[in-house]
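In the two complexes below, subunit A is the common chain; its partner is subunit B in one and subunit C in the other.
The block that comes next holds the complex of A and B.
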């Protein structure tokens, strides 16, 4: 089960994920991502405060988006990474690829710096 | 309907289990991702240190995914059994399916610097668990994963008393 809230803050789209981002739910998020890219929204913050579980399929969805927006001079930043998703990000060394912030507002502001 | 069957202890009319002291639980679930959370919820409530719990759940999820998405891919639907043994110092999770054989040596280690979008499941399992063993037994894939654990109440007690 995955719920997400999507909110635009200027040029930045904030995805707040709640529940599980896994093999079952990643396809739905990928559809959202396609819609985002079609609308040329290439600056994204994932607010992961409510994310209870991420698996390798969920990681694949976020990494795929990251690679695609990077080629378009956009970026994906991560906010409020805790719990099991934090352990996965650390293991896969995703903290070296993604900028990770304690707060959503800070992550959004970093796009304008 | 899922045929989740958590069991504990020897049960009536059965001999007590031999071997190390601990408790054993068995879930038998249809090989569909929707049912994975029945066993995951159980693992979430074992009262372990949080970091160990995150590692065990991460590994279990990948193992279950592999059975559903690879072992049973394109074939008839099957079942997955999840055996959990909780000892004083060890947690063992054995995920068994009757799908296609799995050969871990065929899976190359991921190049993390290249930000791979797949092929990470086995790496997560082997990184987070202390002992991982795969066997093909009587037409079944048997993935056994063990982790050394300290139960949360023991951690809290040792921190409180200063005991090591």
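The block that comes next holds the complex of A and C.
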């Protein structure tokens, strides 16, 4: 199961994920991602505090959004990455591609810097 | 497939709406909607993301509502599905389109026997030979100027390839090939493509293009030339401007009614599918270099024509079950059939597919100088697309490994290839190891993959080679990769594996994990295949009755214990190559794409 909550803070969209982001739930997230892109929301913070499990399809969905917004001069930042998702990000060295922050507000504020 | 109906082409003209005035060529399938990837993208919030689609089936177009919120209307009547006729109007919320259909102009090319005005072939290029498109040749070139020139020529071929390779509809593809040829060879006046018909016996003109002024001119072509192209598989050029004797004598060739022409076969998987022909009244129209370029472009065009044909076949049997089997077959066919043998070393490899086909792969590549490339990788996601992608990566890696000795640089090229592949949600973790058999040394480059484990004789701990891993392939355009060197000792066994092994779940939902793997590896006898067996058995015991969720792959490399010490060859350290290196990367990447079919 994956629950998500979307909130706009100025130019930045904060996407809070809760549950599992895997092969089963990634397609639903991809739909949300398409909607974001259609609406030209290209600055995104993923709040992953509630994310319990992520697999390669889940990482694929986030990476896909990351690649697409970057071509539009946007960015994806990650906030509150812990537990298994943190281990996966570290294992995949994705901490070198994404900016990762302890707090959502810090991540949002980094967009205006 | 015989059809009595004349071929038609359809287009949509947006007469009202956010993009009024726009003209859309209709392909086999065309989706109208608010989503950005719709072929007809309508910026209107009342339009559904995928609102309606227009399809061509057996030459006829029909429109279908895709369960939209606000409906699709043809001539002001709400429809779920309706055939389209010329000048029908289609309304989707605020946008109104006019459907226009016209018969394709009849393509007439007459084939004639020998005549007095027959073009004289003065140059040929063997289309079976890669020529300038040979990677060996490319690798041998070191001058920046030559590399730049070749890169530029490859760029042209690549650009054409890019323009045409995604067109899967043959009727759209062939005219596009001709359009591109007119751009590459600006002096072209007429061109056509003939393809063999279903019987494989008869050449049939499938697309013709003329400069506008030549609209009504009769188009005939000599059988001798077609024979030379199709049977001898040669690209031919008449009247090379520089060498034609009659031209040198100062007499105008135009008076003979002779044209300068080039023709080349469409060769695909050893089969001549057809002929591409270009001509011009300008006697200095084409050169030997043009002929080589045409031959190169035709290699691309042939691959696109071949794919379009396969695609058409695939559409005929669109059952998922069959696709899955196909993917599995493709995947299996790309895994190495044999484990390599090298004196003093033992290798072992095992791949266990999950229920659903996944994207794990491994490969061994024989390299010059007693070296062996070993790769283990994992494409994100599962199913048909991951399997197909894996097949493509295997080919890419083999190719790059042969062209470039440094593993980190091979990963850079692979990364570029994945990025240029344009599939956003795919990324690949991959470890590439080059074993220098004589030097007993590994060069390792890692793109976000599980770190290799080393079992060392008489050691109570495994060594984890995880110091220098970089990003997975396909995340950032140009990440840094580092080649890490590791000296092997007799009795060492290096274990490469995918996350499916470590993350295998027990029925109690407990992960197999690194610790169990390390213990199994440590406790195993030293021989590589024994280490592999021990790891696999230990993982299987853990998983027991639980269903296997992910592919698992494991590859072991062992240096024998009493291995005689071989001569350590003198090695060239990679020097600072800078610009030349980047140019070579461009050239090799382009070449790789060009040779893909």
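The working rule: the second predicted complex is superposed on the first by the 113 of 113 C-alpha atoms of A that agree within 3 Å, B and C clash if a C-alpha of one lies under 4 Å from a C-alpha of the other, contacts with A are read in each partner's own complex, and residues count from 1 in each chain.
Rule of thumb we're sticking to: a contact is a pair of C-beta atoms (placed from the backbone, for glycine too) under 8 Å apart; a residue touches a chain by one contact, two chains touch by 3 or more.
This one's a predicted model, so the numbers in the text were calculated from it and none came from an experiment.
Peer 1: Record, for the superposition on subunit A, whether partners subunit B and subunit C clash or fit.
Peer 2: clash
Peer 1: Look at A:64 in the shared chain and tell me whether it touches subunit B only, subunit C only, both, or neither; answer first, second, both or neither.
Peer 2: both
Peer 1: After lining up the shared chain so the two structures overlap, which partner does A:53 touch, if you call subunit B first and subunit C second: first, second, both or neither?
Peer 2: In the superposition, A:53 touches subunit B alone.
Peer 1: Taking the superposition on A as described, I'd like to know which of subunit B and subunit C A:92 touches: first, second, both or neither.
Peer 2: In the superposition, A:92 touches subunit B and subunit C alike.
Peer 1: In the superposed arrangement, does A:23 touch subunit B (first), subunit C (second), both or neither?
Peer 2: Both partners.
Peer 1: May I ask you to decide whether A:83 touches subunit B, subunit C, both, or neither, giving the answer as first, second, both or neither?
Peer 2: A:83 contacts subunit B only, not subunit C.
Peer 1: Considering only the contact definition stated at the top, list the common interface residues of subunit A for subunit B and subunit C.
Peer 2: 23, 56-57, 59-60, 63-64, 66-67, 91-94, 97
Peer 1: Quick check: in the complex, which residue numbers of subunit B touch subunit A?
Peer 2: 33-34, 37, 40, 50-51, 54-55, 57-58, 61-62, 65, 68-69, 112-113, 115-121, 124, 127-128
Peer 1: In their shared complex, at which residues does subunit C touch subunit A?
Peer 2: Listed in rising order, the residues are 34-37, 49, 378, 380-382, 424-427, 429, 448, 450, 469-472, 474-476, 479, 499.
Peer 1: Can you list the subunit A residues touching subunit B in their complex?
Peer 2: Checking each residue of subunit A against subunit B gives 20, 22-24, 53, 55-57, 59-60, 63-64, 66-67, 83-84, 86-88, 91-94, 97.
Peer 1: In the complex, go through subunit A and note every residue touching subunit C.
Peer 2: It is residues 23, 30, 34-35, 37-38, 56-57, 59-61, 63-64, 66-68, 91-94, 96-97 of subunit A that touch subunit C.
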